[in-house]
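What follows is a set of structures to go through.
Across the two complexes that follow, subunit A remains constant while its partner is subunit B and subsequently subunit C.
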Partner chain A sequence: MTRPILSIDDLNTAFKVGGEWRNVIRDVTFDIAERETVAVVGESGSGKSVTAMSIMRLLGPNARSTGRIEFEGQDLLSLPMDLMQHIRGNRIGMIFQEPMTSLNPVLKIGDQITEVLMQHRGMDQGKARAEAVRLLDKVRIPSAQARLNEYPMSFSGGMRQRVVIAIALACEPKLLIADEPTTALDVTIQAQILELIKTLQQEEGMSVLFITHDMGVVAEISDRTVVMYRGDIVEADTTERIFRDAAHPYTRALLSAVPQLGSMAGEPRPLRFPIVDMRTGEAQPVKPTADTVRTDEAPILKVDHLVTRFPVRKGILQRTVGNIHAVEDVSFELRKGETLSLVGESGCGKSTTGRSIIRLTDLTSGSVTISGRDVASASKTELASIRRDAQMIFQDPFESLNPRMRVGDAIAEPMVTHGLVNRADARQRVGKLLEQVGLSPAMADRFPHEFSGGQRQRVCIARALALDPKLIVADESVSALDVSIKAQVINLMLDLQEQLGLGYLFISHDMAVVERISHRVAVMYLGEIVEIGPRQAVFENPQHPYTRKLMSAVPIADPTRRRVRNISNDEIRSPYHDAGYTPAPLHYQEVSAGHFVQMQAVEKAA
Partner chain B sequence: MSNPHELSTSVHAGTETIAAKPAMSPLKRTFIALLHNRLALTGLIITGILLLAAILAPVLAPQDPYDLAQLDIMDGRLAPGGESMSGLTYWLGTDTQGRDLVSAIMYGLRTSILVGLVSAAVALVIGTSIGLFSAYAGGRTDAVLMRIVDIQLSFPSILIALIFLAILGQGVDKIIIALVVTQWAYYARTVRGSALVESKRAYIEAARSMALPDRSIIFRHMLPNCLPPLIVVATMRVAYAIMLEATLSFLGIGLPVTEPSLGLLISNGFEYILSGDYWISFFPGITLLLLIVGINLIGDALRDILNPRREG
Partner chain C sequence: MSSYLFSRVIQTIVTLFVMSLLVFVGLYLVGNPVDVLLSSSATPAERLEVIQAFGLDRPVWEQYFVFLGKALTGDLGNSFVFNQPALDLILQRMPATLELAFVALVMALVLGIPLGIYAGLKPHSLVSKSIMTFSILGFSLPTFWIGLIMIMVFSVQLGWLPASGRGQTVELLGVPVSFLTWDGLSHLILPAFNLALFKISLVIRLTRAGVMEVMQLDFVRFARAKGMPESRILRVHVLKNTLIPLITVIGLELGSLIAFAVVTETIFAWPGMGKLIIDSIAVLDRPVVLAYLMITVIMFSVINLVVDILYSVVDPRVRLEGGSR
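The block that comes next holds the complex of A and B.
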């Protein structure tokens, strides 16, 4: 057997917190062989990033690592800083989560690459430039020569990440450490980057240490997987074995909480996530959801030809030179007890649709009716009463709670202002609401920072329920949560739908979660709905090319189903158009009962 | 309907941990942090002593400097430590009128601090309201209000104060008005800045989506989150107001001679400095210096403590 490239032995890293050393990772031990991809997976606080930083010795003076990190026969921990500097970037390349912050915004892309080449490989200007073009070609950036003179801001997120990868590859490293490199990217772009990393690994013969929280990505990319939980390695094995029969209860709990695209085939209704006990590893049987959709009543939400555009102004006179067509001609209905998901990538207008519906953003044209009342023309007082029926839950539960207000007051405030209860009864009702979302009434006296992320989102749900709404607009409400917490919050939302008959407009970029929770699905692209219909119809029989592309890009948490994918390097187009542009009217074709697909230009012409 | 209790147990079996940090009000936390900062503690002690001296002046002062019956012109310009005809020791000496300087300083502090605090408080209320309103209204209203602030800030404070006092005349109320006029713009600018940042955050959006009235969004949600920078500015501005008042009084256009502030005391002794009777100006000057330094030390420490980047 050949010697591993990187061999980590009993690595402990501690941080100094208030004068005390606190261990963040304990006895981390694993190897990476030549040309091997090892994934370190875990939820937030598991110590996966600290592990990566410890290897590179990038942690500040407030941290200390003990143990042994052997790389190419040298112990990195005992290496002097100047030699370490030589290893970093030269022998070990690193890419980070946020491509924008790892590039210098005021330096041209070309200069940033040539700088590394001249510094580390002693090339002269001319040679370095030629090499930079070769590297950009290698990471499949179209017309590389021309783009050398551009600044990072004119690159899209995916292209920026490619540039970062090109810089990491500049010195032909033996090991590439990728810390959540695709987390900030859209799913189709993520698929491109993952594919790129795989190809490059083969071409360059590198080893890759891949840090991620996403089990789907792990299944796609890694040969071996290390599962971490609160600073400890709980399990390390080949990826196949981890996914087939994980030994540790935590791994099993984690895997059971991962929504898998396609796992809902044949299920007519949304499904709860099985909750696995962290100690025993046993799953509780899942209660099937009741049929909550009330087809006998009038829809609670009707959206009719909704258009929302944002003017782009320029010059001293602030003339409108163009518009961002955020939402274009969107129509749908939502019934009591029904979940309609709006799914799409960033910039597709799904959030703007949600915000326009409760008029947090003013609509340009079209109409929105909530419980029979028109939102667009509502006066201030009417709008206040409409908003009692339609509540919103935001993405970031920490941001959406006032940090200086006790959560009990935050939940009571809307009820008291709308005169639903008096101050004395409010407390009791707050307690009830907290119980309803799975918290204890005693927590009402706490401030938001005293809760964990999942609990905070529960508080936000309790606050949204305070006004007894019929409709809840959930804008990426579970996206920021760790996977096991996400599963719990989704189960809670399904419980509440059964108990209260809530209608959900569930806005998300996560196809797998959407498949789990929705009755109907609308896929959005560039502000338009390209496909809408019952969940089963859309997921099992996707008609529009964009829907298909989106679904094929979702990583599947099953290494045996790894496919060779044909991924185009398309970017998401911009919804900006010059002033005076009138979009062509949309036409839909009904492929099966309630399943509508936008007809494309070719078909329209025919 | 499913049993909520059953639901909650399944939650606690999950991985969520309850943060065990004790609930401490932000005010208390700030105060404790102040006590742990050596410079701030010095500032607090200096300011505290001077404040007490000012408040308790009528009780503690050996003499009522306003009561002409207690003054003896024969005791005029006595050096520090000198004794009066009636056996009283003047620890810091006397001024030309035979006034005990210890007492005069205590009463002077009273006036100075009163003027500083009241004008800062009034300016704070006016400036904060305008700043919040400006940020919340946005658009044209915001532009107009902020241009007024710009114009105001482009003139030196002392010039504006001079003009106002020239129009209004002398008096405690007049100088407070002049100081408010020169100061409100600083508060408005500060509050508007942080309110603009806050108004973009999701909890304000959440409040709007719950159809809370504007008044409660502004005062219950936005204002408390704008307080940290405001507190820092307010502390520094109190010191500045006291200094400005002293300057104006020194120039003889601030307070009337009947209500001597520290500035007026300094001015009274100014002409005698060169003739060797340094103490008449010197001790009020030192007191003023201590007060300003004390307040600024607290302000500096507050700036560090309340800096949002410091919070982990």
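The block that comes next holds the complex of A and C.
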């Protein structure tokens, strides 16, 4: 083997917390060979980002690293700062997770690229600009010349990440460190960026250190994989071997919790995740899921030609000049005990649909009926009583709980507000609810910050259950959770569905999770449902081009199934239309029983 | 852009109208200027004559319409006291106040921004802590007291700087200014610094908070990962972002510097318009008070407009939009 390009030896990084040094990563040791891609994977708090930042020495005065990081024959940790600055951005490029905040909002894109070239390559302004155009071309940004003078705000998230990549690669570095570069992006955009990184790596012959939490991404991109857990490396091997027979129980637990698109073929009902013990590596057998869908009763939720538009106003008189067509002619039904998933990318209107259903957002037209009662025309008191039947769980468990309220009080609040129980009974009921979601009743006196993310989401579920709802709208409720926690919360949701016969409207961008949990699936694009039907039918026989595009973009957590993909550079389109625009009526075609696909006008094909 | 300007002018006119109405009615309710102006020995006949001359015998709404009609032709009425056009009285004294305010503003920026940046970059150093202590003092000590202490120390005891007046002035574009002569400059330093003290403290705090906030942001970390030297990160990446909130506050503060320089002008006997307005309010000299406030409103509007335009220059995310697209 040739000499590694980067060699990390016994790296320890500590942070100063309250006057005390606390180790965040311990004895991290691994190499990256020339042209090799190494993925560092782990859940939040595993120290994977700290490792990346330690290499670049970006952690600031509150952190200190010991050990050796050898790059091109130099120990980075003992390098004086001015020489380190010569390495950063020149020999080692870095990209971060958030493309929206990585670029300075008040500087033109062009200047942000040319400053690197002028700094490290000693180019003058004119030469650097010419080079910047070439770089933007290289990351497939159309009409590069013109876009140099634009500010970051006129670029979408995916385009910004391309600019960031162009900057990181400007000086042809030997190593690219990518810290969760696609986590904040939509799945089709993620596929584009991954493809771009792979292509550029081959063109430039550089090595890549790829930090991620997503096993699917790891399988797609890396040659070797380093698994981290709470600051330690638990396992490091070739990616194939990690996925085929991982040695460490934690790795196995992590892999078993990863939802895999296509793993549900032939499975008629939702399936729980196997939970693997992190110490022994042994899996508990998966309980078969009962058939919960009550086809004999009337649907609990009926959505009929729902339209929600947000007017865009301009000028002194605040005239409406156009509308954002967030939800356009959406119809579906949901039965007791059934899970219908709304899936799509950002801006497709899936969340607005969820909010419109319980009228957190006012609907423009159409009707929504929950347990036979009309939501659109309901008065304030009627609406309050309808909402007892329909509760919502949000994405971010950190923000949806009041930090100054004990969780017991938070769970009791809806019951007390609706006058269902007195204070004393409320306490008992809270205890029961906490048990139901897998927490202990004694936790009622704690504050939200004393819980982990997954526990908080359980508290949010308990709060939603407090009013005995029939319908729960879960808006990206598991998206912010780590994989292993995500699997547990989904299992809990399936348990509750069996016990209580809940109907879920599950809103998510994650195709693999959707496949695992749903009975039926509706794919949304630009505010419209393009395809709806039983999960098996939609996933095994997708009809609409957009559904197919979405599915082919999902990374598959299996390195042996790597595909060569043809990925277009399309952006996600905007649902904005000028005032007076009337969308063409939608027509659906029934492919098989209950499986409807929007008939495509030619220009609509994604 | 032109429609944006147009809507701003309309807003200013509406503000002027509402303000004049409030002041008119307010002063009418407070008292009768004739009672204050005339000595108690004046005969009823003399009294009546004065009332008629001022037009005070007519109902208040009629007085207001007369005022409005004249104001549209640019005539804001004659001062009750000086019997000169109110506008002229104010314009005579305005250059002195403007000069004082601008010099104070320059001081606030030139001293405040560098000190604020330093305190933001090294929040735990001893120097930073001293800077912050200074700014607390600047905020909390009353202007008049500091003014008096400054006169005592620098004029009376040390004898370095004069305590009152404007000193020698020269004409610049037809306007008398002090800062171009040594004598004038020496007269300017104490009152300007006195007036600036509060603003220096404000600018220090705003700059420090801005720098501390921006230094934490992702794009600063990314700039470091690009290998940019710290000096460039500060000059290019941090400073421009810090300026955005600063511009808004400074704009508003400039207005208040001009309009409310009263205390400093009184202490240092600075011949500006602050002194005039205090005297005019005391004797209910309605035309002068009205004219002064109208000029202030226009000045605030212009400053705000300049701030908005500057804002859109510094921050590309801000777009100026008016009537239509």
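As a working rule, the second predicted complex is superposed on the first by the 601 of 606 C-alpha atoms of A that agree within 3 Å, B and C clash if a C-alpha of one lies under 4 Å from a C-alpha of the other, contacts with A are read in each partner's own complex, and residues count from 1 in each chain.
In the analysis below, a residue touches a chain if its C-beta (ideal position, glycine included) is under 8 Å from a C-beta of that chain, and two chains touch if they have at least 3 such contacts.
Everything quoted here is computed from the prediction, not taken from an experiment.
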| item | value |
| --- | --- |
| Three-chain arrangement built on subunit A, subunit B and subunit C clash or fit | fit |
| Touching partner for A:V164 - first (subunit B), second (subunit C), both, neither | second |
| Touching partner for A:T417 - first (subunit B), second (subunit C), both, neither | first |
| First, second, both or neither for A:Q119, with subunit B first and subunit C second | second |
| Touched partner set for A:R309, first subunit B, second subunit C, both or neither | neither |
| Which of subunit B and subunit C A:L360 touches, first, second, both or neither | first |
| Subunit A: partner with more touched residues, subunit B or subunit C | B |
| Which of subunit B and subunit C A:R520 touches, first, second, both or neither | neither |
| Touched partner set for A:K470, first subunit B, second subunit C, both or neither | neither |
| Touched partner set for A:K174, first subunit B, second subunit C, both or neither | neither |
| Nearest Cα pair across subunit B and subunit C, whole Å | 8 |
| For the subunit A and subunit B complex, residues of the former touching the latter | 43, 275, 277-278, 284, 358, 360, 383-385, 387-388, 391-392, 394-396, 399-405, 413-414, 417-418, 435-436, 438-440, 445-447, 449-452, 454-455, 458, 460, 463, 467, 482, 484-485, 488, 492, 495, 498-499 |
| Residue ranges of subunit B in contact with subunit A within the complex | 1-2, 4-5, 7-8, 10-11, 13-19, 21, 23, 26, 201-203, 205-213, 216, 220-221, 224-225 |
| Contact footprint of subunit A on subunit C as seen in their complex | 3, 7, 10, 217-219, 221-229, 232, 236-237, 240-241, 244, 314-317, 321-325 |
| Contact set on subunit A toward subunit C in their complex | 56, 58, 82, 85-90, 93-94, 96, 98, 101-107, 115-116, 119-120, 151, 153, 164, 167-168, 314-317, 321 |
